[in-house]
Amino acid sequence: MSTSAEVRPQVGAPPPEPIKAIPVRHPGRWVAMGVIAVLVAMLVNSVVTNPNWAWDFQLENAFAPPVVRGVLTTLWLTVASMLIGVTLGVILAIMRLSPNPVLSGSAWCYVWVFRGTPVLVQLVIWGNLNSLYREISLGVPFGTALTTFQTRDLIPPIAAALLGLGLNEAAYMSEIIRAGILSVDEGQSEAASALGMSRMQTLRRIVLPQAMRVVVPPTGNETISMLKTTSLVAYVPYVELFFQTSAIGSRTFRPFPMLVTASLWYLAMTSVLMVGQYYIERYYARGSVRELPATPLQKVRMRLSRRGI
Amino acid sequence: MSTSAEVRPQVGAPPPEPIKAIPVRHPGRWVAMGVIAVLVAMLVNSVVTNPNWAWDFQLENAFAPPVVRGVLTTLWLTVASMLIGVTLGVILAIMRLSPNPVLSGSAWCYVWVFRGTPVLVQLVIWGNLNSLYREISLGVPFGTALTTFQTRDLIPPIAAALLGLGLNEAAYMSEIIRAGILSVDEGQSEAASALGMSRMQTLRRIVLPQAMRVVVPPTGNETISMLKTTSLVAYVPYVELFFQTSAIGSRTFRPFPMLVTASLWYLAMTSVLMVGQYYIERYYARGSVRELPATPLQKVRMRLSRRGI
Amino acid sequence: MGAGERPMVQAEQVHKWYGRFEVLKGIDLEVAPAEVMCIVGPSGSGKSTFLRCINHLERIHAGRLSVDGHLVGYREKGDKLYEMRDREIARQRLDIGMVFQRFNLFPHMTALQNVMEAPLRAKGEPKHDVRLHALALLERVGLADRADSYPSQLSGGQQQRVAIARALCMRPKLMLFDEPTSALDPELVGEVLDVMRGLAESGMTMIVVTHEMGFAREVGDSLVFMDEGRVVEAGDPREVLTNPQHERTRAFLSKVL
Amino acid sequence: MGAGERPMVQAEQVHKWYGRFEVLKGIDLEVAPAEVMCIVGPSGSGKSTFLRCINHLERIHAGRLSVDGHLVGYREKGDKLYEMRDREIARQRLDIGMVFQRFNLFPHMTALQNVMEAPLRAKGEPKHDVRLHALALLERVGLADRADSYPSQLSGGQQQRVAIARALCMRPKLMLFDEPTSALDPELVGEVLDVMRGLAESGMTMIVVTHEMGFAREVGDSLVFMDEGRVVEAGDPREVLTNPQHERTRAFLSKVL
Amino acid sequence: GSDSTSDSDAAPTAGAGASSAPAIAKDEALAAQVPAEIAADGVLAIGTDASYAPNEFIDADGTTVIGFTADLAEALGQVLGLDAQMNNAPFDSLVEGVKNGKFELGMSSFTINPERQEQVDMVSYFNAGTSWAVPTGNPNGITPDDACGRRIAVQKATVQVDDITARAQACEQAGKEPITIQQYQLQSDATAAVVSGKDDAMLADSPIVAYAIAQTGDQLEPSGEIYDAAPYGVAVPKGQGDYTAAIQGAMQQLMDSGAYEQILSQWGVQAGAVTRAEVNPVQ
């Protein structure tokens, strides 16, 4: 056995050539890309040439004022319901994980009922509360009523829509957030407790921010799914994008092209949401990976600057 | 400063009394429980006495043969679509995180399109593929066809229903699984690589099992949501629970009680799924917490055995 | 008992089980204020578990354990013990700093934020003061230039030093160190020891689980040798290390290189 | 070059950057087969990073790094370098065992499963043999009775020993240890060293990052002192430790207790 | 031909239900006009959205489509010597089915309008007016011409939506309180909303309103007369002149023979009977 480690003088040595290796060749990738390109070309060709898609008819109606109004309604309904859902979902998730059996029990029941029954039915109930109860009374339980409201005036359709969507979403969000909280290493809350932070401070400052990494993608799912769930507010009844496009479809007996129009609108809104999701995910990934990869924008900029532009 | 540590003889010392402390009193909990109890009593009272719920009418129809058939259809459609969704979702998630741009690009596009458009439209398209294309030809792209299928024979309603639900679900599941994979510490796959395990082995044996903790709750969400999404297969057209109950509702002009009947069926199925989810979560929590809490069943058994039964 | 004489930490017959496995089999010891006690012992003897009990991160199953004259996690009224509320436990922990064996840094915060978090949130000290204090502490452990790095960008030894600074920033009365120098090189061990010596002189009580006998000898006021959940031998470090009374201690120390 | 003379590890002017921060500033060293090389150096000097490069867990940015005569992560044909496929890299790593500074045990597997996983899956050895081998290794590191515990139920030192057993179960030609005894008590250090000495005698090459000078002196065939991404001094451990040539080395070693 | 399956879980597929209809003789001349690929399997596959009692709805067995449309379809099939099968599908997928040949006819209370005539050929067979229903006793004194300031229920995508929208505008122009229009997914939801008092009145096709009044016991009553008669049409794929003529001829024959009258009176909707079946009657 010999001691073979040696030291070479390094002072003044020029930094050596950076390694330039030829990347692994992936002929399969090129073939796959070719196949995909051909398939896409065929699809595009058929979509453009097949008269059943009725592009001119779609274009005519895609920007009709009722449709555009519908798009706006869909958007704000989605945002508002998700806000209600996430806020209430966080509260429910915290309640569910609390050692207090009353809190965790009621959270469990809430999730059970609101997740277990169809949102359509919940919307129908909120929208038609007065077919169950003509008036709601505040007063002594099982005793005299102090004030009485006509339910049909109490809950306007818009409130019914938001209540129905938001309360239902909260049940789903609470499960997602609970999973996120569980994913954070026990050592983290131990360290926070050892530092004298209270349960709530630990949750807010230590656990939830780390849970976000796991929470964001399913929340993206929920938001994108909510975009389309808003179409159920027709049962309240309340009017949004899908209602408007299918009304045009029924009137003209051309429902299919109008379904495609609705889908394209949804796809456009989804795309915007996905970009947002990308940046939110990136934000919460800080510290959890050794090096953050560049964003597509940064990549483009790097390429441009390398070419001296 | 004095050295005050001391050692007492311990040999033969009887184990001291276990600590018996009086738990923290929570008067608030009792008040909350009381309030909840009163509210529940009021709700139950009104639900039982209010004729609008039409319990006798519901009971009459809840177990009608078409409804029971519908329940079974809903169940197996849910299970089958979730199987497709999870399997394809895992594949898509792995593709999405792959360094291969073709794979990750196509997975991205898949998720974009299938998540971005309403499942209703996807079902309509699968169910009515032949209104777009009367026949599908296999052959040279843009050239001669070798075989030609009549689309309306190719895709029976049941296949259209499964394709529509399953392919859509896969897009959502892939995001959930991607989040799960990201939640696993980088050190884990480094350790596996250092042991010479391949990318696929690392994924299957090390990363995915740990990801499951985070994946299960949102997957529960998806499954429970899928239960109700199956009602959209009416667009294929295919018949399940919700179709049957609402048919009775329209026939009798009493839609509301039948909606409640449907909800109760869904709630029953959800409850079964939630029990399943509880045990799956527990299974994947092994090793990640210091001590697993007892299951409700175990708790009951422990209490019984303590009383000597 | 006068405040000066009252032990900072007092354990009497502390027992703890994990399921059927008895980790602590009746620990008795006392730590006086401003004393530095070193705990040594083989792996798995229950050293970390005992430290965690002092902080009420683990619940003890029998015996008495008090810090600064107050029972840990319980209030005593007459003969009866009452469990403490979360809030009270948190307050009790403000006075006890702890450096974990596995550091447990907050990965989503930079080194500086890690150090500043607890004084800011749990103690509600003004931000400006906390910042200055935190930077001074990072400076003291040789990490001033790494204040803005995330834990994942730090080497093992750097992480351990951030964990020490984080615990110190709370200005606790009692510090619990679980192998605070395990990831440090000898040079840093020296520096960290200097920091700890300074703390000891400023009157802080410390319990240090360590495998560095040199450290125990130089800084410790007392040394406890634990094995299989029991205190086997305790006393002046120099004495115990040079002239162990028990067979087990002798066997253990004979292996020290 | 004959197989007997060919160095097991050869680094020439290895450079590595994290963003703008240069971690390795041209490392040159050679490790002969069956040699035990110890690397010491202050925290943050790039020791862990260098080990990770040998395993191709980190990519080097300039220089040449080869194991057993083959470039790490690249194939060389003529003048050109070709990146290796994942599969080839995995095969290369089968011969290199590594014990991480933070252990990185698989939390969802018991100690025994942790040790058995790689030989079973990556090497495809028969289950029965692997089981016997794994149990023998756990026995050797003193954990036979803890084979069915999950990592979260093990103390720090127990986890570290499982990590060592896990790496050994692959029967690698080259072992990389990143502070393998940091969480161990002196007694266990002795035992683990015995294990490692046995390995050395059975012809295994080892690179050991350590802060235990005693270990370096007793077991090391060579010692490398690193600082700020450079090899400052290298040679026979006894010589370097007792008579360091460089100012920096001397300063560092003077702090060793 | 029909692609319907015999799988019990597939969309309900059944011959028209009411067996009380008189036996009707096959007309060979008309039958000969039916294209061979339709007649080949002896089945006439008809698409319908069976949620519109009493016109077309689902029987208690959960599969059979019943209603006067179903009975009329069966009779129509008998004239052409074919077995009429009613396939239930949501409205949005119905027209597509007719256009792409999945369904050989569409019969689902389609009100004929010029836009729809562009998509398919329409053979008229019934005259549905609009009528109104209010809670019994008409507590708010609502008539079709005096509904300002009220909440009116209507099913979405029906001609009544245009009707009530025009009335709402009239109210506003007259400076009166506007009408709150509530558009429901299904007719049964709209009816339920009036019964529960959520809405004050509803308007719908006359047979629907008549049936709803009958079904809900004494909770609803009509208000005002039937007005704005509009024809229902059978949807036939475009560009099949012979086939369209066969359908028109068969329907005409039912009217002439009295079978038509009999079916309508069985369902209490004879008020909407017509005497002539026409192709694309709306200009």
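Each chain carries a letter (A, B, C, D and E) given by its place in the written order, and its residues are counted from 1.
As a convention for this text, contacts are C-beta pairs under 8 Å (C-beta built on N, C-alpha and C of every residue); 3 or more make two chains touch, one makes a residue touch a chain.
None of the values given here were measured: they were computed from a predicted structure.
Hopping along touching chains only, can you work out the least number of steps from chain C to chain E?
Shortest path length, in steps: 2.
Centre to centre, by mean C-alpha position, how many angstrom separate chain B and chain C?
Going by mean C-alpha positions, chain B sits 44 Å from chain C.
How big is the gap, in whole Å, between where the Cα atoms of chain C centre and where those of chain D centre?
31
At least two other chains touched by the same residue of chain E: list those residues.
92-93, 96, 189, 192, 195-196
Residues of chain A that touch two or more other chains: which are they?
Expected reply: 124, 128, 131, 256, 259, 289-290.
In chain D, what residues contact two or more other chains?
18, 102, 153
Can you list every touching chain pair?
After working through each pair, the chains in contact turn out to be A-B, A-C, A-D, A-E, B-C, B-D, B-E, C-D.
Applying the document's contact rule, which stretches of chain B touch chain E when the two form their complex?
Interface residues on the chain B side: 52, 64-67, 69-70, 73, 124, 127-128, 130-131, 134, 152-153, 156-158, 234-239, 244, 246-256.
What does chain A use to touch chain C in their complex?
185, 187-188, 190-199, 201, 205-206, 209-210, 284, 286-290
Going by the contact rule at the top, pick out the chain C residues touching chain D in the complex.
Checking each residue of chain C against chain D gives 18, 40-44, 48, 101-102, 153-158, 161, 179, 182-190, 211-215, 218, 251-253, 255-257.
Please give the residue numbers of chain C that touch chain A in the complex, ascending.
Per the touch definition, chain C meets chain A at residues 55, 57, 86-87, 89-91, 93-94, 96-98, 100, 102, 104-110, 117-118, 121-123, 150-153, 166-167, 170.
Name, in rising order, each residue of chain B that touches chain C in their complex.
Touch residues, chain B against chain C: 1-8, 10, 13, 15-24, 290-291.
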